[in-house]
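Before we start, here is the structure in question, set down as structure tokens.
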Amino acid sequence: MVKPSLKVMIGGLELKNPVMVASGTFGSGEEYKGLVDLDKLGAIVTKSVTLKAREGNPPPRMVETPSGMLNSIGIQNDGVDAFIKDKMPFLSKLRTAVVVSIAGHCIEDYARLAAKLDKVKRADAIEINISCPNVKGGLEFSREPGSAADVVRAVRKATRKPVITKLSPNVKDISEIALAAQEAGTDAVSLVNTFTGMAIDIDSRTPVLGNIVGGLSGPAIKPIALRMVWETARRVKVPVIGMGGIMDCSDALEFIIAGAAAVQIGTANFVDPSTAAGIIGGMEKYMRGRKINDIKELTGCLKT
Amino acid sequence: MKQAKGKVLSNREVKPGYFLMSVKCPPIAKAAKPGQFMTIRCGNSTEPLLRRPFGFHRVEGGSFRILYEVLGKGTKKLSSAKAGEILDILGPMGKGFTVPEGKKDIVIIAGGIGVAPLAFLAEELLKDKKKDVSVIIGAKDGKSLLCREHFEGLGIKTLVATDDGSCGKKCFATDLLGRSIAGKKPSGTVVYACGPSPMLKAAANAAKKLKVEAYGSFEEYIACGVGACLGCAIKTKSGYKLICKDGPVFKLEEMIW
Amino acid sequence: MVKPSLKVMIGGLELKNPVMVASGTFGSGEEYKGLVDLDKLGAIVTKSVTLKAREGNPPPRMVETPSGMLNSIGIQNDGVDAFIKDKMPFLSKLRTAVVVSIAGHCIEDYARLAAKLDKVKRADAIEINISCPNVKGGLEFSREPGSAADVVRAVRKATRKPVITKLSPNVKDISEIALAAQEAGTDAVSLVNTFTGMAIDIDSRTPVLGNIVGGLSGPAIKPIALRMVWETARRVKVPVIGMGGIMDCSDALEFIIAGAAAVQIGTANFVDPSTAAGIIGGMEKYMRGRKINDIKELTGCLKT
Amino acid sequence: MKQAKGKVLSNREVKPGYFLMSVKCPPIAKAAKPGQFMTIRCGNSTEPLLRRPFGFHRVEGGSFRILYEVLGKGTKKLSSAKAGEILDILGPMGKGFTVPEGKKDIVIIAGGIGVAPLAFLAEELLKDKKKDVSVIIGAKDGKSLLCREHFEGLGIKTLVATDDGSCGKKCFATDLLGRSIAGKKPSGTVVYACGPSPMLKAAANAAKKLKVEAYGSFEEYIACGVGACLGCAIKTKSGYKLICKDGPVFKLEEMIW
């Protein structure tokens, strides 16, 4: 039997397989050098960068919850210029797609970030993290179709690179935001970012996280994330990249069958850095066992 | 740093609530330095989800031991591991203890389970015959005092402090620092401490007063352990540092409490 | 030391303690007779009833997920008249508050349900389950402040009994819906209902649940539910009843410290029917240990 | 129905992947009837979250045994329970098997782990000397065939069918029903079946053709086990019924497949 094809297209970007590692969970790739064969990955999405350096939120920044974890890192990063100077040289040598995640506090920020990265050869695509509070207004850009579309339009104007818009699940109807992003010109949508949650220490009666609230990720959220991917994939034409609690190949296939063209692995990288590699192998095995030659046949094949 | 399978050689309760586990895992054991740590996946379900961090308690050839306190679900699961079981281990991580140039006298202060990584440190330090190593162990009570025999067996002068006075002095371990360095030159002395956060703070204050250089091993929740998630940040005078990459050992005077 | 007081008021309804069992997870109480000392509970919220009998959704109706479960029961019930005739006699003999949950498909339904229950002596309060699709329009009433308020207003007009409005977490800002319910005259809000989720069988490539999607409950959702309770309690004046993944006393106290006046136990009843009793005992112990005489001192005492 | 603590007396692998556990739990054992079941909390974390249902395999005085297949996380956890361990048990639940008036000849059909509750049924039926009990056991292969010696030891005529023919006939257990009831009066005969859903369907068809009354024990996910959550619904000709309250045993001709 021929080797099944795992290739997928995300906008103009070809991935050798649909298994990407998610922003914020894989640093800039270099941290996992030696532990993970980086060239085997479908893509690396780097930790979100902002225009200026950010020191991040006060600790504690993480706490484990039942089958999940809360984090409130606060997009700690050295700023986009330092990123391009310090991190891109390593990333540029990889034989895997490099997706750079950007985050801002106003539309201008996003536009300038995209313009800077547009000139960076091996920034193969840009993922827009719109789950950031808008300094003008307070609410996250991701919460309303209008503000989400504004960000996408600004980025779209600033770059010709494939643009992926990453959606927040803290909304009434995520597929509406996805549609707005599609109309504003995104090449793909990725979902979900983390759910806002909290934990309280009953002895001190204080929040466990220094930032009070944090983002919930991990297997706990998988059923909700999967439903959101299914709802979104039925409504949009652009490729959907699914994530949220994927721990193994079976989880990844659920997202693909629900309609995802590709998946991202987040929290599972912490649990076992070999997760992504295991999923890629598992997908091939699943396809061989069922005589499926092309992973694209699986996307959205859910029988309802 | 490597991800490797380790084989449990033994795992037994040495004091009520404290276990000693011996693991064969050459790729990680051979690379380990005192103060570094590893993360272990406790079970293979999603509860607990994250790996758990442990220091190297002793290292011999291709094996290491961890000394751990059963606190919650991860350590409870670990405590049921039987000889022969295979564990998923990632390490060694972090920077560990460094011995600054020109320091001859070394005082180790351990609080509770904080003694775990200090045994390995003491053994390594003793290899340099010119060094003078002494230890102060603090514990809740005599029943939960750990490693005293081990340090004394190595010929190390060991002071003991317990909260209830049931063994050694009734005081905090850090209260004995003055006695321990009496007659030593502060500038030639270095202190290594590991224990609960209040103890590290007390050690910082004591060391400052006595004008000796001091290092401590710190804790935070660990997710990736490789510096990728930025979750294990701790506040220092030069900004946030990562326990897993920049630490877990930091100079005490650098810390913001 | 004096026995700490666990009494709380929900609108005009006094509960001997703040631990209620949640709608749909405790039947009409009788199912747990002999297993649980029903008179010890703060209140029993009965399975939602509709005007007419409903046969419910096709099986499978449940599946376990990491630290949670999905259900798609579909409000199977014999209709409100049968409920009053068959279930109320047993409930009426209990020395615990009986809260009857109602669900409808149009505003009219809710009004008529409330009017019928208004005449039932031991229906001590009414909980409005607004997480049902509106036949006119399709979207659940709970998803928009306006439609939620419409339901509350209709019920408020139809009864003088204490009214609790139960909110869905599948919204952008749950505190906004709570505010709307408060303005429409609800005596309290309870949150959260389940999160819509799904699971897929990768072998058959079909949804695991007969209804495709279901509601996620259990410890997996606790961090999100807790955050929503905290956000809501800071904005509304009416009492907030918190729920979502409470498994033990520590979980329950987190909700109370976050601002809940009372809590409801749902999925945990399945895991261990003695959960509610254990929580009541645990609360007393926590309060004694800290010399807190009145549970009301704990509500919303989070230091941020 | 009661919630009670049960003490594990023994727990061992009887065939690859199949365990037999003996539990002392008088309040529940003493009340159990064949075909009823219990739910056990497997571990005390949130993974697995829900209790797991098991039939009574054998009951002796204040103890019962369960025979179980290790399938997923719950049964895996259960398989590691050691003698002396305490389990949280809820039961007995459901209605169990009823023997209709005037039925003398009884045929028990077991598929795979479906044999578990049928052993208890057979033992109870044998107490009535006027009844004639025979058994058909089906399994994947000889290695996973369960309880044959047990039934034969009770003096019950036992037919065997395996998918691969490595033991008994190479066919489905239900294919042997005709042979088993040959010479018996259909109206005086009743069939009890337990096994995977396709087997129950085949049993329904075979019984219909042979004009014998037939009952089967069904499975669905169980949450509350007491009829409160309405989660274990199964479709019958008279609407949805609850496995845990109305079942798990249903008349086969009543079911919608």
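Here the chain labels run A, B, C and D in written order, and each chain numbers its own residues starting at 1.
Definition applied: contacts are C-beta pairs under 8 Å (C-beta built on N, C-alpha and C of every residue); 3 or more make two chains touch, one makes a residue touch a chain.
Since we're looking at a predicted model, the values are computed, not measured.
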C-D or B-C, whichever has more C-beta pairs in contact: C-D
Can you check how far apart subunit A and subunit B are, centre to centre, with Cα atoms defining each centre and the answer in Å? 36
Nearest whole angstrom, what separates the Cα centre of subunit A from the Cα centre of subunit D? 47
Using the touch definition from the top, which residues of subunit B touch two or more other chains? 46-47
Which parts of subunit A, given as residue numbers and ranges, touch two or more other chains? 66-68, 218-220
By the document's touch definition, which label belongs to this structure's chain graph: line, ring, star, complete, or other? complete
Residues of subunit A touching subunit D in the complex: 66-67
Sort out for me which residues of subunit D touch subunit B in the complex. 45-47, 73
Per the contact definition, I'd like the list of subunit B residues that touch subunit A in the complex. 1-3, 41, 46-51, 88, 90, 220-221, 223-235, 239-240
Residue numbers on subunit C that touch subunit D, as the complex places them: 24-27, 31-32, 34-35, 47, 55-56, 58-64, 66-69, 71, 73, 76, 218-220, 247, 267, 269-274
What part of subunit C is in contact with subunit A in the complex they form? 65-68, 70, 143-144, 170-172, 195-200, 202, 204-207, 212-213, 216, 218-224, 226-227, 230, 245, 250, 253-254, 257-258, 286, 301-304
